[in-house]
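In what comes next, subunit A is part of two complexes: it sits with subunit B in the first one and with subunit C in the second one.
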Partner chain A sequence: MAEASGEGGASDAGARAGDRTAALTSFFRDHPRLRTLAVAGPPYAVLLLFFAIPLLAMLVVSFQTGEIGGPWTLRNYMDFLGSSTYLTVVWKTLVISVQVTFIVAVIGYALAYSIVRFSRRTTLLLLLVILPFWTSYIIRMYAWINILQSDGVLDSTLNMLGLPAVSLLYSDPAVLIGFTYVWLPLAVLPFYASLTNLDGDLIEASKDLGAGPVRTFLSVTLPMTINGVVTGVILVFIPTFGSFITPRLLGGTNNIMIGMVIENQFKSAFNWPFGAAIGMVISVVVVALLVLGTRLGGGLFATGGEEA
Partner chain B sequence: MREFDDSLPSVNRRSFLQGASAAGITAAAGCLGGGGGGDGRVPMDVEEWPPEDIGGSLNMWNWYDSWAEWAMEAFGEEFDVEVSNTGYSSPDQWYSQLEAGNSDIDNIAATTNWVERSIENDFLHELPVDIMPAWDNITDRIKEASSYQKDGSVYAVPESLVLYPLTYNDEYFDEAPSSWGVLWDEEHEGNICMWDNATVSCQIAAMYTGQDPIQPDDYEEIEEVLIQQKPLLQTYWGDYQQGMSLFVNEDVVAGPLTMGRTYTARFGEGAPVHYTAPEEGAMYTSDLFVIPKGSPNPIASLQFTNWATETENAAKLFETMGYQPAVDISDELSEEDAEFTNWPDDWNLIFSETLSDEVRSRYDEIWTAVKAA
Partner chain C sequence: MSAADGLTRPVERFVQAYASRMAAAVIALVIAFLWVPIAVLVFMSFADGGVLSFPPDQLTLRWYRVFLSNDAALDAIVTTLTISVPATAISVVLSTAIAYAVDRYVFPGRSWLQLLATLPIIVPLVVTGVAMVLFFKGALGLPGYVSVVVAHVVRTIPFATLVILPTLLTFDRGLEEASKDLGADELQTFRQVTLPNIFPGIVAGGLLAFTLSFNEFVFTYFVKGSGDPTLPVYIWNQIRYNVTPEVNVISVVFLVLAVTMVLVAVSLTRVELLARR
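== the complex of A and B ==
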């Protein structure tokens, strides 16, 4: 039957499709609210389905006793906030997260800056930066175990150079190294994106006006790329705060983080409401810290910018 | 299958609606995980062995990866069944699927306390063990210890005994340490480890301090000794592979590890390790085969459960994973394996019963406090 209609049939079908598209366009032009809904609806639906509803479910569970569907209670929050033990763990987590974020930001910025300013093979270098993402997180951690363990790759190399072994595995530095390695690509990419958009003439102008490299960096480069820095810091800080695998595999007896406590509530203690309550508190703390940090950071750099 | 034929009389509207309704109900039952399998049978419908028409596929969740890999091929070839296995690292991975209404998993190798939870929540099929020939192979010791029954009905078949012994370097120690106290001995500072597991570590501390690990009476003492122990440790290991590596690399000389990992470290990696149950006792549990409700192939799963419990197939579990099968395999063992696995009868072994909510909660609090100290 399709053959019988021939070219004329195809042309008719094309015309009908064009009419429908025009009618649809006209309909949305006449109904701007529906147009907005059609454009913004899907992303909002995804956010609602995969972010808001699960968060709401976690909030509900966090007010229950013992198990999901249990009686309502505030006890989970009181137990958590009233315990010096858990608050100590949160503090330790915060310290580690800030350390990791700082180290990653410094190394990542230097790396991104050198890629943008001093290299022509940017694509290759960026590929090398993101290459570790193609390997499983766990496997990367086991690779670091092999490198850092006593008589591992690092110690063997040091011995070959006539230096004493360091045996870093199961220590604070091992955790920092592991985190830095894992999150570095997350920071480099936004740093790179913001540095690419930096106008080189501004740097030249700064130098022409007598500013040294440090002053130029602090007055021009950093303020002009602050959005990328903030994005990178957020991308590193949040996952570090919730981590539990890296400190478990690389850390010693003192490297507890709140993510490990939450994981334990869900997987071993079977106290999902308490785990949900800790998760809610931590979410609030992280968001508050990020808002505070962003505002403080922005203010400081804005001042620097004005001075420039 | 009949091909479409234009010459057939047309179907009237009422017949069509009746047929469509029946098909819809059947499909809905399948989607809702009725647990009857392709032909609607459940394991208790099997009255004679072997069961007929076991189906053509089997989806199992078994965390003894090496054994499962072998079993998939061996069982598949013997019964012409396509077998798949999903290895898992934590039981909550499959348990959450059962909670959500299972429609995929046919057979799970599950640890006792998770089996108990599953039975309590009516997630498992009852099993006709009286007609399963291999049921008689299960040793009385594990039948008495494991929890697989409720109201006289059986819901699981034991697969293996999982011992949580004290593992030690047998070149470092002249003889097996007789007490958990070795993990508190300053002489071994920096060369010992503990398991990053609230229950296991607190139970070791309970046994060390002479308390009942299932229902301890002095939590403060448990916390105190664990904090005392902390500076002596190299680390808390949180992953089985990591725990085994500590012994294989000879980073530690003593600490808790499972019997299976000790076996692999010794015979697979050539590490100088052995295990013992200290005089204060050692915990053990069991893994069991269960058939979850909603299983699409429950009869194939039943056949597999029986097959896996046949002596030579169970012996393969020990050979590949080092865990003691729930079946007496002494005739199948090499001299070396027999020497490794035959426990003295006088060992003080304590079955790892499911802890009360209160004890579990206190153990968890203690462990967090110890790690944060």
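== the complex of A and C ==
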């Protein structure tokens, strides 16, 4: 405060700097819109220029042919949607994504429920669940290569127990295990949050009315926490649908997912407009799911603040 | 109704009797599922024969020595840091501005700003990565290094904002009122009252942004040209083309770093906030 008023023993330079600060702050106080712009403008500009506009640019490029800046065409979309090979890949991606989402939802909900209802050391347990999540995705996949490869940790352990080896690496189950492993912590948190917010009196009331634990779960707990379930399901389904790392590292040659096709167009085939078109198709699927999820009551943006 | 009751009653009774034991089993099994692969990785980093022999005949520090004398891996760490450190700094400043603007000001486009700050989590990484490489290279002609830093900023903003915003929402606004009543203007109040109060949240957001950026693969993989690989890209190449036991060691280094950062972040803020990625 002394520096702003520039009194006392402040040097001339300090006083001048103080005057400038004072002038600046009073200017912004008199111009609240400019003040808001000065705070919100830079992040707004960064997110628009480097996130939103690139997505729009991808839309534009997806209607060009051969190379960027080529003539306008629908060919990329026709090639993609008219090819049974690609549609099979989309179908397979959908099937894997649904399987992963279902497995993660069941295990994740069981875990969140167990922690909320039956454990007192919730912070420690939550920490144990989310810590693996903050380690590198690639490294978590690599850990599973160590385990699943033929003569890896799993096979050797089975051998020691006198059981036959399974050599799961490069198979469908390996991909499911990998996805389940990486997304489980992601789903547990929204499940956990909605279960903690559930009013315990409702459960007591249900029990007082004679319902057993299963009936109470099915008619009170699950319906009352459906928002958290939908949020978790969306958070798992979307990244699985677009993933290429897990199927590339753990899946076999038959395990082609749509994210791998995009990666291929950009990294090997160098057909960027075609890759952009597939990216748009994925985006359409994702947006459709988000709209559906919001209809079902998932609060994906609710965590961002009080704004509706 | 009563027939159904007759059928479900034994199930209800069973669940009633064993519920807490079933819950304990679920917790133990899932946490083992989450941690056994990490334990295996750490253990195998000491295995003499490398990745292909389990159980290892002998434990050794050999691969740690190999790692420490591997210039390519150490260069990759330096490359990663030259991207992550500036990206984290920029991301934290922008995220604090977003949190402050969204919490304190009412302006047209406020909910759009919130949506823009959340969407990078939701749009599939491969889609955003592809969009970025198209636009950064094709339209803007940005150099590779700048592209990657910018991509990391976009990637980390949502997470830093999600951690910083609640600390801003929950701290006692009365302190700011008091400061203003005593004659301080908004900037002084922010610097001397608000900032010190939300600082733990900002540090936690920064640590998470750094962890995320240090681990970031997809954006880097697409946006970065043929230049020096970051550590995750280096590991990706190793895994895809020539697995050496050294990758186990690098993974352990990664793990220790990430776990330390997250534990510090958790000590500064609530564990639930670190959930979303």
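By definition in this document, the second predicted complex is superposed on the first by the 237 of 308 C-alpha atoms of A that agree within 3 Å, B and C clash if a C-alpha of one lies under 4 Å from a C-alpha of the other, contacts with A are read in each partner's own complex, and residues count from 1 in each chain.
Just so it is clear, contacts are C-beta pairs under 8 Å (C-beta built on N, C-alpha and C of every residue); 3 or more make two chains touch, one makes a residue touch a chain.
Predicted model, so just to flag it, every value in this text is computed and none were measured.
Asker: Considering only the touch criterion stated at the top, classify A:145 as touching first (subunit B), second (subunit C), both, or neither.
Answerer: The answer is both, since A:145 touches subunit B and subunit C.
Asker: Using the superposition on chain A described above, determine whether A:253 touches subunit B (first), subunit C (second), both, or neither.
Answerer: Once the two structures are laid over each other on A, A:253 reaches subunit B alone.
Asker: Between subunit B and subunit C, whom does A:23 touch in the aligned arrangement: first, second, both, or neither?
Answerer: It touches nothing on subunit B or subunit C.
Asker: Please name the chain, subunit B or subunit C, that touches the greater number of residues in subunit A.
Answerer: Residues of subunit A touched, subunit B against subunit C: more for C.
Asker: Looking at the overlay, does A:291 come into contact with subunit B only (first), subunit C only (second), both, or neither?
Answerer: neither
Asker: One more residue to check, A:88. First (subunit B), second (subunit C), both or neither?
Answerer: A:88 sits against subunit B, while subunit C stays out of touch.
Asker: May I ask you to decide whether A:57 touches subunit B, subunit C, both, or neither, giving the answer as first, second, both or neither?
Answerer: second
Asker: Between subunit B (first) and subunit C (second), which does A:266 come into contact with in this model arrangement: first, second, both, or neither?
Answerer: both
Asker: State which residues of subunit A lie in both footprints, the one left by subunit B and the one left by subunit C.
Answerer: 142, 145, 149, 151, 248-249, 266
Asker: Flag every residue of subunit A that touches subunit B in the complex, lowest number first.
Answerer: Contacts found on subunit A: 66, 85-86, 88-89, 92, 142, 145, 149-151, 170, 248-249, 251-254, 256, 260-261, 264-271.
Asker: Which residues of subunit B touch subunit A once you look at their complex with the stated criterion?
Answerer: 90, 92, 196-199, 230-231, 233-236, 238-239, 241-242, 245, 249, 251, 357, 360-361, 364-365, 367-369, 371-372
Asker: Tell me, which parts of subunit A touch subunit C in their complex?
Answerer: Listed in rising order, the residues of subunit A that touch subunit C are 1, 4, 21-22, 24-26, 28-29, 32-33, 35-36, 39-40, 42-44, 46-48, 50-55, 57-58, 61, 68, 107, 110-111, 113-115, 117-119, 123, 125-147, 149, 151-153, 156-157, 181, 184-186, 189-190, 192-193, 212-215, 234-235, 238-239, 241-245, 248-249, 259, 262-263, 266, 272, 275-276, 279, 282-283, 286, 290, 300-301, 303-308.
Asker: Applying the document's contact rule, which stretches of subunit C touch subunit A when the two form their complex?
Answerer: 8-9, 11-13, 15-16, 19-20, 22-24, 26-27, 30-31, 33-35, 37-38, 40-41, 44, 51-55, 94-95, 97-98, 100-103, 105, 107, 109-111, 113-120, 122-128, 130-136, 138-139, 150-151, 153-154, 157, 161-162, 165, 169, 183-188, 208, 211-212, 215, 217-218, 222, 232, 235-236, 239-240, 243, 247-248, 251, 254-255, 258-259, 261-263, 266, 271-272, 274-277
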